[in-house]
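Presented sequentially are two complexes of chain A, the first with chain B as partner and the second with chain C.
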Partner chain A sequence: MKRYAPILFAGIALAALVLIGLIGGRFLIYLTSRVMILSIFAMGYNILFGRTGLLSFGHAAFYAGGAYGLGLFMLHVLPHPLLGIVVGVACAALLAVVIGFFCVRHTEIYFAMLTLAFGMMVFSLIWNLRDITGGDDGLVGIIRTPIALGPLSIPIIKPQSYYFLILALLLLSVFLIYRIRHSPFGLVLAGIRENEKRVAFAGVSLKNYRLGAFVLSGAFAGLAGALGTLLESSTSPFSAHWSHSAEPILVTLIGGLQTFAGPMVGSAVFIVLREVIERFTHNWMLWFSIILLVIIMGFRGGIVGILSGRRK
Partner chain B sequence: MSREILKIVSLNKAFGRVQAAADINLSLQEGVLTSIIGPNGAGKSTLINILSGSIPPDSGRIYFLGTDITRLPVHRRVKLGLCRSFQLVNIFPELTVFENILLPALAAADRTRHLLRAIRRETAVRAQVAQLLERIGLQHAADTVASALSHGDQRVLEVGVALAAKPKLLFLDEPTAGMNPVERVRVLENIRELSHSKQTTFVLVEHDMDIVFSLSDRVIVLHHGEVIGDGTTDAVKNDPRVREVYLGQEVPA
Partner chain C sequence: MNLESLVHVCLAGLSTGMFIWLVASGLTLIFGVLGVLNFAHGSFYMLGAYCAFTALKLMGGNFWLGLLVGPLVVCAVGFVIERFFLRHVYGLELPYQLLLTFAFVLLFDNLVKIIWGAGSIGSPSVPGLSGSVNILGRFFPVYNLFIIVVGPLVALGLWALIEKTWYGRIIRAASTEREMAAAIGVRVPALFTGVFVFGTWLGAVGGALAVPYIGLLTPGMGEAIIIEAFVVAVIGGLGSLKGAFLGALVIGLLSSFGTRFLPAFDMFLTFILMAAVLLWRPQGFFGKAV
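Let's turn to the complex of A and B:
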C-alpha cells in the first residue's frame, strides 16, 4: 500500500491538472500555469540544493537567462515559441557554465555568496544595457505565435492551449529529473552532499560533478524563465533580482527538501497562499513568513516529508 | 622480483617549525604488505595525507607505477589505483550501506557520468557490490542507512568503501580501531587474503603491534618525520634505534 501511494498521488495530481486545463476558468488556468512554471524552477533547483547540498542565491540569473534568451530571439530572430524555449534554455545553461565555473571551486557560505554576487551582476547588466534588454521596461510584446512544426501549426495564443504546453514540459522535466535522481550521476551528487571528501576518494572529480549539477539546475531555471515570459508576454528585469532567487529555496523548504515531489507541492502552496493572503492584506509577506517559520521550526521535512512520514 | 608500485624521493613537509616529513626516501614493492609504525606525532598520518593527495609536500617527488603523481589531485590518484581509508569513520551517513559501496564501485567502473541511466540497470557493478558486502560481512545490512550501523560495522564499511574503488595500492589508517574481536579478525583475514592474491598492495598504519608483527612483510618506523627503521619484522624488532624510540613501550620479542 505504502509503496503505491506516491504513484496514486501522482496520478491524482495529473488528473487534476488535466481537468483544470479542460474546464478551469481563466484565472484558475493562469494561476495553475504559474504553479507549474515555479515547479519546474524549484525542481531543477533542488538538483543542486536538496540533492547536491549546495545553496545558491543566484538562480534568478538563469531564470532571466531563459526569459531574455527567449524574448530576444522571438523579437529579433524568429517568432517561433518552441525554438525560443530551446534558445532560452541554452542561454541559461551557458550562463550557468560560466558562473558555475567560478562558483563550484568553493563550498558552503563562499559558494552561496559567490552565486549571490554573480546574480546581482546579471541583474545590474540587464538593468543597464537598455538598448538590448529594455532596461527597467523589460522586453514587451512577445506574442505566443503558433508553433510551426513542418506542415503542422499548433496555436498556443489561448491561455488554455498554452497551459497544456506548460503541462507537457512540466511532465518532461519531472521525468528527466526523476531519471537524473536515480542515475549513477545522481548517486554521486548525493554522495557530494553527504561527504564530499569521501567522494574525491572514490575517484570522482568534485568540481566537475558540482558544475554538472549547477548547469542542470540552471537549465531548468532557464526553461521556467522562458515559459514565464511566454505566459506574461513580457519580461521584467526583476526576474533576475536576488529576491526572485529566494523563491525556489522557499518552496523547496515548504514542500520538503529531501523529497522528490516537495518542490512541486511547495510551489502550489506558495502561489495559492500568496493569492489568498493578498485578498485580505497587503502585508502578505508578514503572514507568509510566519507560516514559513512554523514549517522550518516545527516540520523540518516539509509537507511531503510529513505526509510520507519517512524523514525527520 | 615484484615491481615497484610506489617510489618516494626526498619528500619534505613542515608545519611551521615542526618537521612532519624529513627527507623521506622509500620504495614500496607490489604485493608486499607494509606497515608504518611510530610514536604519536611521528608523521605517519602526514605521510599518508601527502601520498594520497590531501596535502601537498614542500618538496620531493612521488611516483606511482612510474608515473609522477606529486601534483595530481585526489580523484586522479584514485583513478590510477591509489586509495586510502580513514582513521575516523568517513562514510556517506544518510546513504544505505549498499549505496556507500556502490558509489566508489561505479566510479571505478567509469559509470558515474551516466545521467539518465537507471542505477538499477547497473547489474554488473551491483553484483560486485553484493560480493564485496558478503566478503566484509555486511550483506545483511545492505539496505540499512549507514549512520544506523554500530561503530564497529561503520569501521568495517569504511574499509569496504576504500576496497570498492579497486585500488592497486591501499593505505589503511588504523583499520581495526574500534572494532570488536570478531570484526577485527574478519577485516584482517580480508587484508591477508587480498594481499596474497596480489590484487591490492596494502600499507597499514597501526598502533596495535600484534597486528603489525603478525601481518606485515615489511615494517617502516617513523620518528619526527624521519625513517629510523625499515626491514622485515624481525630486523625492526631487533633494531637498537627502534628500541630506543619505543623505550618504555612494549615491543614483543
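Let's turn to the complex of A and C:
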C-alpha cells in the first residue's frame, strides 16, 4: 500500500485539478491558477535548491525575465500567447546563462550574495528603464488573445480556458522535472549536494553541472513569470525584487525540502492558507512566520516529510 | 562641478556611509563570530527605531533617554532569538540558518504593524542637533554632521573593545578556533549569546539614531537597510569590521556621486560593485581568504 501511496495522491490531485477547472467558480479557478504557477516556480527552484543545495536570492530576476519577455513580445511584436511564453522562457534561460556563468563560481553564502547582487541589478534596471519596462507601473494591458495554431484558433480569454493551459504546462513541467531528477544529470546534482569532493574526484565538472541546474531552474522560473503575467494581464517590477526570490524557498520549506511533491504541496498550502487567514485577520505574515519557525525548529521535512513519516 | 558642490556631495556620501556602517557593524560582528548571516538584523534596526521612539514619547521627549532605553528593549529580543532559536540551528546547513532569520523578518514586520500601525510616523527633532549649518554657502543638516562624527567613534570603540580588552581577546579566540577556545575553558555558547545580543544592540542603536536622520518610521524600513548592510559587509569582507567600515564609506560615496551624476543607475552601480568584489576578491577588502 505504502508503495502506491504517491501514485494514488498524484491521481487524486490531478482529478481535483481537472474538477476545479470544470466546475469551479471564478475565484477558485483564479486561486488554483496561482497555486499552479507558484508550483512551477517552486519546483524549478528546487532543481537548484533541493537537488544541488544552492540557495539563490536572485530567482525573482528570472521570473521577471519571463514576465517582461512575454509582455514586451506580446505588446510590441506579436500578440500570440504561446509564442510569448516561449520567448519569455527563452529570455529567462538566457539571463540565467549569463548570471549563472558568474554565480556558479561560488557556493554557500557567497553564492547567495552573488545571486542577490545580480538579481537586484535586474530589478534596478527594470525600475529605472522606464521607457522600455514602464518603471514602477510595469507593463499593462497584456491581453490573452486566442492562440493561433495554423487554421486552429484556441481562445483563452476566459479564466476557465486559460486554467487548462496552465494545467497542461504544469503537467509538462512535472513530467520534465521528474525526468531531469531521475536522469544521470539529476543524479550527479544530488551527488554534488551530498559530497561535492567525491563527485569532483570522479571527473565531473562541478561548475558545468551547477550552471546546468541554474539555467534549468531559471527557465522554469521564466515559465512561471510568463504564465503569471498572462493571468494578471500585467507585470510588476517587484516581481524581480529579492523578496520575491524568497517565496519559492519558503513554500518549498513548508512542503518539504528534497521531496518531489514538496514544492507543489507547499504552494497550495501557502496560497490557500493565506486566503483563509486573510479572511479573519490582516496579520497573515505573523501566522506565516510562526509556521515557518515551527517547521525550521522541529519539522524540517515539511508537510510531505510529516505525511510520509520521514523526519529530518 | 565646483568646489562647494563637491564638498557637499562628499558630505552627503559620508553621512550615508556612516549611517549604513552603524547598521553593518553589528551584522559583521555577528557574522564574524557566529558565522550566521542575520537577515533579522534589519528588523533589530527597525525595532530599535520604534522602541526608541516610544521610549522618547513615554519619558517626556528626551531623545537621549530614548536612545539609551529603546535599544536595551531590543537586546532582550535578540537574547530570546539566539538562546531559544538560533542556537539550535548552528549545526544545520546554511539555508536553515538564513531562513530562520528571514522568518523573524516577517514576524517583526507584522508585529510592528500591529503595535505601531501600518502608516509612517514622523520623527521628532533632536534638541541641539536640529537645523542646518552653512558650509561654503550651502546648508547642511547638523544631525548629518553628528552622524559623520558618531560613525568613526563607534568604529574606534569597537576596535578598542576587540583588540584591547580581555573580552575582545576571548571573542577573537572563539571566532578563529571555536573548539580550542572551548577546550581552554571559554564558555562558547554563552559568549555567542553575548556577542549576538551586543550585535543586536548595535543594530538597534543604528535604528534609534536613524529616526531623526531619515525623518520617518515605516514598518518596512528594516528590509531596505538590510540589503545595503549586506552589500557593505560583503564588499568589506564578510566578518571584517575594518572592511565593513571602509565598505560603508565606499558605498556611501558611490551612492552620493551616483545620485549626482547617474541618477538612473544609482542602485545598479551599488550592486555591480558588490558582484565585482564577490567575483574577483570574494574575501573583500580585509576578509579572510575564501
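One rule holds in what follows: the second predicted complex is superposed on the first by the 310 of 312 C-alpha atoms of A that agree within 3 Å, B and C clash if a C-alpha of one lies under 4 Å from a C-alpha of the other, contacts with A are read in each partner's own complex, and residues count from 1 in each chain.
FYI, contacts are C-beta pairs under 8 Å (C-beta built on N, C-alpha and C of every residue); 3 or more make two chains touch, one makes a residue touch a chain.
This is a predicted model, so every value here is computed, not measured.
K.L.:
Just chain B (first), just chain C (second), both, or neither: which does A:R105 touch?
P.N.:
Second partner only.
K.L.:
Once the shared chain is lined up, is A:V272 touching chain B (first), chain C (second), both, or neither of them?
P.N.:
It touches nothing on chain B or chain C.
K.L.:
Touch check for A:L176: first (chain B), second (chain C), both, or neither?
P.N.:
first
K.L.:
Spot which of chain B and chain C makes contact with more residues of chain A, would you?
P.N.:
Answer, by number of touched residues of chain A: C.
K.L.:
Between chain B and chain C, whom does A:F185 touch in the aligned arrangement: first, second, both, or neither?
P.N.:
first
K.L.:
Is A:R198 touching anything from chain B or chain C once the two structures are fitted on A? First, second, both or neither.
P.N.:
A:R198 sits against chain B, while chain C stays out of touch.
K.L.:
Do any residues of chain A touch both chain B and chain C, and if so, which are they?
P.N.:
none
K.L.:
Which of the residues in chain A come into contact with chain B in the complex?
P.N.:
Chain A reaches chain B through residues 176, 179-180, 182-188, 190-191, 194-195, 197-206, 209.
K.L.:
Under the definition above, what is the set of chain C residues touching chain A in their complex?
P.N.:
37, 85, 88-89, 92-96, 98-100, 102-104, 106-107, 109-111, 113-114, 223, 227, 230-231, 234, 238, 264-265, 267-268, 271-272, 274-275, 278-279, 282, 290
K.L.:
In the complex formed with chain C, which residues of chain A make contact?
P.N.:
Listed in rising order, the residues of chain A that touch chain C are 49, 53, 55, 102, 105-106, 108-110, 112-114, 116-118, 120-121, 123-125, 127-129, 242-243, 246, 249-250, 253, 282-286, 288-290, 292-293, 296-297, 300.
K.L.:
Report the residues of chain B in contact with chain A in the complex, numbered from low to high.
P.N.:
My answer: residues 52, 73-76, 78-79, 83-84, 90-95, 99, 102-104, 106-108, 111-120, 122, 161-162, 164-165.
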